[in-house]
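First chain A sits with chain B, and in the next complex the same chain sits with chain C.
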Partner chain A sequence: MAIILQLLFTGLGIGAVYALVALGFVLIYRATNVVNFAQGQFAMLGGYCMVITTVDLGLPYWLGILITLVVMAGFGAIFNLGVYYPLRHRSFLPVVISTIGASILITNLVLGLYGPEPTTLPGVIDFPGVSLGAVFLDSQYLVIIAVTLILVLLQYFFFEHTLVGKKMQAVSQDKEVASLLGINVTGMIMLTFAYSAVLGGIAGVLVAPILFVSVGLGAQIALKAFAASIIGGFGDVPGAIAGGLIIGVAETLGAFYISVPYKDAFAFILLFAFLLIRPQGIFGEKVSQKA
Partner chain B sequence: MSSARTPFAWAMVLVIGLALVLVLPINGYLMNLLMQASTYAIAVLGMTVVLGYTGQINIAQAAFFGIGAYGVALGTTSLGLPFFVALALGAVVAAFFGLVLGGSTLKLGGHYLAMVTISFQEILTLVLTNWISVSHGPDGVANIPRPRLGALALDTSPHYLAVCLVFLFVAAGAVAGLKSSRLGLAMQSVRDNELAAGVIGIDTYRVKIIAFATSAFLGGLGGGLFAGAFRYISPDQFAFDDSVVLLTMVLLGGVDAAIGAVIGTALLILLPEWLRFLKQFYLAVYGLAVILIMVFMPQGIWGFLSGLFRRALPIPAGPLAPLVLGEAVESAEVLLAVEGLAKHFGGLRAVDELDFEVVRGRVHALIGPNGSGKTTTLNLLSGIYKPTAGRIRLAGRDITGLAPHVLARAGIGRTFQNIRLFHSLSAFENVLIGAGRPGESGQDGESRRQRALSALDFVGMVARAHVPVASLPYGHQRLIEIARALAANPTLLLLDEPAAGLNLTEKQNLVALLRRLRGHGLTLLLIEHDMDLVEQVSDRITVLNFGRRIADGTPLEVLRHPEVVAAYLGEVAEDEAA
Partner chain C sequence: MTTPESAMSRTLHAQPQSGMVSAAAAMFWPRARCWRAALGHGAAALLACALLAGPERAVTADTAPIIIGMVTPLTGPAAESGRYAEWGAEMAVSEVNAAGGVMGRMLKLVIEDDQTTNPGVVSAFNRLANDPAIVAFLGSIRSTQVHAMDPDVRRVGKPVFFGGTDPNLTHAGDPWLFRCRPNDTYSAKVIAAFGVETLGLKKWALVTSTDAFGSSGARLLSAELQSLGASVVTAQGYANQTPDFTPVVLAVKGSGADVIGSYFTFEQDLAIFARQLRQLGVRSAWVGSPSITDTAALHLAGPALFGTYGVADFNADSSPEARRFADAYQKLHKIPVDQFAAWTYDAINLAALAIGNAKSTDPQGMRAAILAIRGYKGTEGVYDFDANGDGLHGYNVVQNKNGKIEFVKRVDFPAP
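Up next is the complex of A and B:
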């Protein structure tokens, strides 16, 4: 029993990271109808940004986080200008291919600059964790779960109770009508990309102390996050969170009870199962084709 | 492809190429590059079929390549199969996986396919690395033999390269020929407009699966030859990065032509040699290239070059036969019967308990204010939506809930409110795809081409047959869309606002066209807002409001009906009645 609880805790922690990346990915999808295949690279960049500022330059942790957030927001804006904006009037396929190109570019640029060796990042707090009976609650996992929870609540408040949030929702529902109402659609999409990059960056910062920071980090997290958003129901915000947590728990249990080398395969097996049995996901995809 | 000389010319290219390879002294390094390029190019041709022709993404081509390579490697070393048997086995297994992946995903949107192919790629890498007892794990498989053909040993590098080149030429020829074939046109119609492809009788799901399996087969074939070329393979040669390289190759060369695949592959195999100074950044340059190609040159190098002298399908010459549209039946039997039809979207009842009948040989109009459920009804009749409740019968046969392509074959044709043509094809190609009820037997290519031309002639567009539809004016595009529907020889033609956006002259021409169609005995069901036009052409009118029928009768009866007047003038019916 204690083992199951322990695995559940670990699974929820890692699942929260997938959920954060999936969330950024869903937000971009809703705003632009584009599936951003470079979302995982945002997390990888966040991790590297932390390593550079706190380990290489020796800055304090809080300052590193602050710099990372600013860098990520700027990066999201540049990403929007370079990868999405020139193709905004084109069909789905060219934009998706363009984001795939961007993910290759980012990965290999970092690889070329920083090399293939993984580096480590210390956790936010030195305190190792607390024991709750037989279950050990690692402090970094506690931080991940807490930060994710806070971010989800903040995001809910932002979209439902602020004007900018409402404008962003309007843009995601109907760009033409939104622009007729005087909403700066281009600006709102820019903001969405920046925010998504920040979310990805935070996921990277959070997960870096658990996994190693390496160029493979992005693809590793992104694929799980994509799977998470499909399992949850494509384009659905609660779905992305639920999907992320489910995959985190499933792969942790799978690695313990079934096979360690195939740990990364469980998310995909779950994904295939969903596609065959319930392709619309837990909460259901809302988009449908119209004549 | 158009003239008989072209295949001959290509055969000469092959013979000269083989002679050069066998005679010239090629050093080992260049030999390796050539073998890599020719085997990769076969896999890239698969990308041409799936991405270029059919518009479906595949980010797992390296996985299929790997399956083919392991087929040859394990088939020859572990199972002791002859080379060519192992090669065929690997390609077939790759195609089988393509079939399974495509079959489970191709009914869903494009982003699912992208993710599923990436996932498949990752799982395959995991399996090849960890299933050591079968795959030999990360160490890979060494000492892969090269083939013998009877007494002829093909194991020297020039001989083996010649084998690869023969396969490449056959594959490239097949892929090039596919483009102008019936299946190839169906693929392109799916790429350009999947919804329209369905309603003119293309089984879009089946076409996509065929394309995906073909692509996987070519991937496996290329991979199998690759294994023989280098005689050693390991899992890291077939990873995600390699799928990206294959994707970049097809995009760079041009997705829409076999020759583009060859150009792209040759360039990207040689390019790293010229880009050596970039060292560890060369993959980053690939990524940048992908973005730049998408932004500035989406058709790739060959697409750009050939765009300067684009050739559409040749148009058969000779006298035109008049278009035959079924037989004129002079009975007043009911052709289409709709009973209790309903379509609910969540709480919205777009169509509710709708009953009406369309009599054979008549023009029946469906009118009503915006949002009254007219287009939804047409979408139900043409199979794009599945009804929530109710029955639809065509000539007595229950056709409720059938797929669009099945309904097209049953005799229902349609046009769309916002024109849906296959925008990268010519007018003739557009009409040809729908010609002669796909799936009906006893039609050769020539009779379908003639039928397509006759249909174009019927709407007065035969002189524009060779023109790419995207460059035709709006009014002409409407006519092409009608010709496309007519070419399929429908029993019932559904027209969704055919007059929308037309000027006065064009509207008068449309009225004449609709009358001619009625004169030929074709049954029409049209949605239209232009009441003048409706009065001029229709025999009967059904009026919808809020998804329900509020009136039904001759134009004279219906247009005076108080509820209809109220619906159109926005007054409350009860007040009017009182």
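Up next is the complex of A and C:
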């Protein structure tokens, strides 16, 4: 029993990181109808921001987080202006390719500026974790799960109970009607990119003490997060959360009970199964066409 | 992933030649090389080159630099170790050139980025191999990459020094591969003998990468343990770049093993495993392959590796040659040296020795000279090349004492 609980805890922890990055995928998809393949690089940038502010500059952790969030919001806005906005009237494919190009550019810029060496980032809490019987709860995983829960609640409140959140939802549902209602569509999309970059940055900050900070950090998470968003139902916010947690738990349990070397395969077997049996994902609605 | 840096090769002239000599030497090879050299050395050289240019006036190659090609990861997950490898090779080139070069000619190093991938290393090697002026190569420290290069190495037919430790690499009939680190037959022998006979531990858990290096290590270590009467209670293979080792750690914990034997390819994986191992309360002894002693692993894993043992092909206290190199490297680069720099340092020196002994850069002559090397005291140990191309036949056992790697003993086996 202790083993299952330990695996569940770790799976939920790593799954929460996938969920945060998947949320970024989903929000941008809803607002723009394109997939942002640089979402993983947002996580990597968040990790580097924290290293620069707290390790290199020696600033307090809370200040490092604050600066990282501001920098990531600004970066999201710039990303929107440079990568999405010029191509907003083009079809799906050019924009997607543009985001892939941007992800390569970001990775190589960081590589050029900061070098290839992986580096360490201390955790938010300065103790390794707590033991509950035979189950060890890593403090960083506890923080990850808690932050994800808080963010989901905040996001729900923001989208359902604030005017800006409702405007963003309106834009994601129908840009033309939103525009006719006087909503600044361009501004709302800008805000969505900024928020998605912040989410990615938070994921990077949270996972960096466990996986270390390197240019490969984003790619390591992004592919699973993308699978999570499809499993949950692409474009669905609760689905992204559920998809992330399901993949995290499935790969951890699968690795222990079936095969460690095929750990990464379990996420994609799940993805394949969903695409085959329920392509709309867990929470997605089936789209049917009239004859 | 390609960077501006990775897209171009980097060259090193440790002791640039000057004036007429340089220009005339550069002329021997294609005109473009002549112009590049001339431009680099100023207007006087350019004038000399122009005056002497022309096939009928081609001078001998006696003063042209001897070019050695090197593939190493400058980008990708192994980029940090690739930089150390580059530094080690550059130090050797500088020292050889400072001592007058080889046969009166300077050494020149040309580097290509292998991007830490198999396609990357094949592409990098072929880019170098297209230059007929390159007389020998430094290959990868990763066995899986050397396997990928192997068909091209056979086709090119020039000596390739490498650091991968999969024994099969020198036993598959490629006459051009020369290993500058002891192969895993020896690491497995030393890990098993030290754990079983010195530490007295007989219940082993094996944690190994599923790539060529890790799989080979797992197989050899299992066989050695079996021959010593020890048992493998669990064998866990993992895929490289794994973000979470909880399932592996729980399997080790549940197996009741009293010692862990490991073959990790990447330091990040090793550090994540080490931290989770200690967090989940596993206090077994641990004897690992050389990556457990890497500078990067020590930095990333910190206290989680305290008390562990490792076999290390390089240790600064294992010989006077190793100590001298370690001190010089520390002085130059301000960080402790590890095996990534040591094997490339030795490889350049061995190449220079072989060319000097053969008095030629003819591939067959160099090959015979390399295989004839006996008793050469390198930083990694004493080189006695066997017929397969293996230069070293032993390992150092070291221990991580509060983050510092300390020499325990040297174990050498006679060359077959």
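Convention: the second predicted complex is superposed on the first by the 279 of 291 C-alpha atoms of A that agree within 3 Å, B and C clash if a C-alpha of one lies under 4 Å from a C-alpha of the other, contacts with A are read in each partner's own complex, and residues count from 1 in each chain.
Following the convention adopted for this analysis, contacts are C-beta pairs under 8 Å (C-beta built on N, C-alpha and C of every residue); 3 or more make two chains touch, one makes a residue touch a chain.
Keep in mind that this is a model prediction, so the values were computed, not measured.
In the superposed model, A:104 makes contact with both chain B and chain C. In the superposition on chain A, the chain among chain B and chain C reaching more residues of chain A is B. Of the two partner chains, neither chain B nor chain C is touched by A:174. Looking at the shared chain after the overlay, A:264 reaches both chain B and chain C. Once chain A of one complex is fitted onto chain A of the other, the partner contacts of A:35 are limited to chain B, with no touch recorded for chain C.
Judged by the touch definition given at the top, the superposed model places A:138 against chain C, while chain B stays out of reach.
Of the two partner chains placed around the shared chain by superposition, chain C is the only one that A:14 touches, whereas chain B remains out of contact.
Shared-chain residue A:112: touches chain B and chain C both.
When the two structures are aligned on the shared chain, A:56 is found in touch with neither chain B nor chain C.
Within chain A, the residues touched by chain B in the first complex and by chain C in the second are 104, 107-108, 111-112, 261-262, 264. Remark: chain B residues 55, 57, 59, 104-105, 107-112, 114-116, 118-120, 122-123, 126, 129-130, 194-195, 240-241, 244, 247-248, 251, 279-284, 286-291, 294-295, 298, 375, 378-379, 384, 416-417, 496 touch chain A in the complex.
Those residues of chain A whose C-beta lies close enough to touch chain B in the complex are 35, 37, 82-83, 86-87, 90, 92-98, 100-109, 111-112, 219, 223, 226-227, 230, 234, 261-262, 264-265, 267-269, 271-272, 275-276, 279, 287, 289, 291. Listing the residues of chain C that touch chain A in their complex gives 1-5, 74-77, 79-80, 82-83, 210, 236-239, 241-244, 246-248, 250-251, 254, 267-268, 271-272, 279-281, 296, 299-300, 302. If you check the complex, the residues on chain A that touch chain C are 3, 6-7, 10, 14, 104, 107-108, 111-112, 115-118, 120, 128-129, 131, 136, 138, 207, 210-212, 214-216, 220-221, 252, 255-256, 260-264.
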